[in-house]
C-alpha cells in the first residue's frame, strides 16, 4: 500500500499492540475453555454494571449529559486542526513543549529521546492506553530505560508478564488469589505472609512503589483530556499513583491521542460527570489532577506533550466510522458486552478490547489487519445504550463488516441467497427443496461446515410440512 | 383495519405456525390481513454479515412490495429493526436517494406485532387463553433496536390461564446474532448456555419471544439438552383461545 | 514536511467532507440550578469512607490535635489561617519530599467542594499549598467553609480557574483494580478527614 504525504494513514505494522496474532474466534476458543477466567470476568462485570447503574440513576439529567457529550465530541472532530493548534499555543505559552508524532515509531522515538536527555534510566508510568497502543514500554526497554507501571492493575500485568485485558482494569481477568500468587512470585521484598485480602494486596503495592515514586525523576502519562482554550491537561485516576507521577518528578512526558482535545474549560462539566459514573461506577473517582504547562515551585518543571496520530486521521476520514474517536475510554461497553464477558480482552488481540475495540482497532490498522473483529459481536446493542457519549457501535460494526474481506465460499453462498430471495417464485421452490432435501439427518446433525458449527450444540428445527405461503395460497 | 403482513423469510420457511398465528390473531380481532406474495426477506442477514450490495435488491423489494399499504406488521422485532434502522442507510450508501426516502416512508408504517397491537390497535387484552407456565425473553433487537419496551409483557399479562414467570438476566443476549452463531459458534454457545440456565431455573414449560430467529437458537439448544422446555412465538400465545 | 504539518494535513484531508455539526445541546442542569446541600456532601464523603466533623473555626486546631494525637507532626501550607494551626505544626517552606512524607498529617483549606459527588478541589492557593504536601502524608485533614460548597460539577467548574494546578479529591486513595470492588488506601493519603465549619 502506498501512502501519500498528508493523506490519512493507518497505524504502521511491526510496532505497538493493535493487532493480535490470531483471529478473534480462534483466540476466543482458548479463553472460553478457561472456567476461572469466565468466573472472574462474570463477577467483575456484574459488579461494575450494578454500581454504574445505581449512580447513573441518581442523575436526573444523564441522557442530556450524554447528548451534550456526544455533540461536543462531534464538534471537536469537525474542527480538530484548529483545536490542536490552539492547544499547542496554550501549552507552549504555559511553559510546556509540544511534540507531534505521526505514528507509534515516531512517538516512541520522541519519548525515548526525552528520557535519555534527562539521564534517567527509569521512568514511572501512569496507566495510559496511548502508550500501551504504541508499545512504549518495549521501546524504552530497548533503549535501556526501565518503565515502571504504577497503576495497581498495570503492575499486576507487568509483574505477571501478562497482557492487559480491559481498558480500565487491565488485570480484570485475575482474581485476588491469582494476584497474591503474582505478587509473591515477582514483587521484590514482598512479605511472604501476604494474604489475598484486597486491602492487604493494595498495601503491598503501596510499600513496593513508594521508594520508586520518590526517587524517579521522569514520569510518562497519558491524558483523559486537554482543554484547547486553556492548555489544561487532566488525568482521572483512583489510587494516587497518578498524582505521584504528575507531581513528584522533575520531568513529565504526556502522550495523548489527538482526539482527546476538548474545546473549552466548561466542557469538562459534562465529561467529569459522564466518565466516573460510566467507568468505575462512582459519583466521582478518588483523584483527578489537572495541570497547565508548568507551575513554578509546584510539580514537574519540565513538561512535554506528545500529540499522537497513529491511525487516528484514518479513522477520522470515514464519516460512518469517525465517531469511534469520541470514545472517552470509560469501558462501559466492555462491562455490558455479553461477548467480552465470556471471551475476555485478550481475545481481541488489540489493547482496545470489547465493542469499542472491535470498531476502533480495525479502523486504526486498516480493516485487513483486524478483519475478524467487526464480527465479534452479536449486535445485541447493549454497548450503544451504555456508551456515555452515545457511540452507535452496532451500526459501526455493520458498516465495518461491509468493508471486511469475505471468505470466497461464504460470498458465493450469500450472493446466491440474495439472488434467490429477489425472485419470489425461485424462493418458493427453494423453500420446498430445502424441506424435501433433509440430507442432514435427524435434526441437522451431520451437516457440513460451516453449518456444523450450528449443530455442534443446537438442534435444527423440524422442517414444517408446509411453508406459510403455501398455507396462505391454499386458504 | 387492512393490515399488510410481512411474514419474514424465517417464519415463512421454518416457523409457519408463528406466521399463521399472527394472521389468526389479527383476523380474530376483526382486521383484514393481506399477504403480498412478492415479499421474501428484509435482507438483514446480508446487511449484518457485510453484504450490503447484495442486500440492496431486497431492500428495494421490501419498499416496493409494501409501499401500497398504510399499516404493515412483522412478527419479528429484529426484522422490524432492520427495516426501520438499516434500509434507509443501505439505500443512501448506494446513492439511491429515491429508494432511501421510500424506505423511510415504508419503515414508518412498519410495526412489530406487539407495537401494532398496543400502539396502533390500542389493545392489550387480545382475548387469549394459554394455560401454561411461560417465561418471556426480550430479544435484543426488539428491546434495543425496535424498542418495543414492555409491550409484549403487557400483552402476555392479560392472557388468561397463563403462569408468567420472570426470566433472570432477561435482557442479556441469547447469543444468536445471525451469522454470529456460526462465525463465533463457541462464544454464541457460551452465551446460549447461560440463557438456557436462566430459562430452566424459572421452571417454565415454555420460553416465548417476539423473534423466531432467537427462538430457533434457544429452542435448538433446549432440545439438544433434552431440557423439556419448548419455545413458542409470542403470536402463538396471543392467538390461542379456549376453543383452540 | 514536519510531523506537525503532516498530521494537520492528514486531519484536514480526513475532514474533506466538511461535516456540519449542530450546536451542542446543553439541556443538562447547568451551574446555578440547585443550592448546595451540606447533608448531601456529608453523606457522599462518608460513603467514600472519609471522616467528617462539624466544628467551629475556633475548634479546628484542637480537633486536628486530637486527630493526630500527642506529639504528632502536622504539616501546613504557608498561607493557612493562623487560628486553625495546631500547636507545633510546621509550615512548608520548600521542604524536601522526605520531610513532607515524614509528617503524620497535613492540614489544608480547599478551593471548592461538590455536594453531589462528595468532591473537594484544591487549587494550590496559599492556604492549600503545593500539590506534593497533600500527597505524601498518610492523613489529609481539610477545613471546609460552608460557603465553599456548591451543588454540582458544573458549579465547581464555574468557580475554578483551570490554569491553576488542581487536585480533585473524592475520599481517600482507593482502587477498584481487584475484582472491581473499591478498596480504600493505595498510594495517596489513606485517611481523609473533613472539618466542615459551622460558623
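Letters A, B and C mark the chains in the order given here, with residues in each chain numbered from 1 onward.
Definition applied: a contact is a pair of C-beta atoms (placed from the backbone, for glycine too) under 8 Å apart; a residue touches a chain by one contact, two chains touch by 3 or more.
All values derive from a computational prediction rather than experimental measurement.
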Which chain pair has the highest count of C-beta pairs that touch?
-> A-C
Most distant chain from chain A, judged by the mean position of its C-alpha atoms | B
Interchain centroid distance [CA atoms averaged], chain A/chain B, Å = 33
List the centre-to-centre spacing of chain A and chain C in whole Å, with centres computed as mean CA coordinates.
-> 29
Between chain B and chain C, tell me the centre distance in angstrom, where each centre is the average of that chain's C-alpha atoms.
-> 52
Touching residues (chain side chain C, partner chain A) in the complex = 1-4, 6-17, 19-29, 31, 44, 48, 94, 97-98, 101, 114, 116-119, 124, 130-132, 135, 153-154, 156-158, 162-189
Along chain A, where are the residues that touch chain B in the complex?
-> 24-25, 28-29, 32, 38, 338-339, 342-343, 374-382, 384-385, 394-395, 398, 401-404, 406, 410-411, 414-415, 417-418, 421-422, 424, 427, 431, 434, 443, 450-451, 453-454, 456-461, 463-464, 466-469, 471-473
In their shared complex, at which residues does chain A touch chain C?
-> 5-9, 40, 43-45, 47-48, 51, 60-61, 64-65, 67-68, 71-72, 74-75, 77-78, 80-81, 84-85, 88, 94, 100-102, 106, 150-153, 156, 169, 171-172, 175-176, 179, 198-199, 201-203, 205-206, 209-210, 213-214, 227, 230-232, 238-241, 243-244, 247-248, 258, 265-266, 268-270, 272-273, 276, 280, 282-292, 295, 297-299, 307, 309, 313-314, 316-317, 319, 322
For the complex, which residues does chain B have touching chain A?
-> 7, 9, 11-17, 19-20, 23, 35, 37-41, 43, 45-52, 54-55, 57-58, 61, 85-86, 89, 140-141, 143-145, 171-173, 175-192, 216-217, 219-221, 223-224
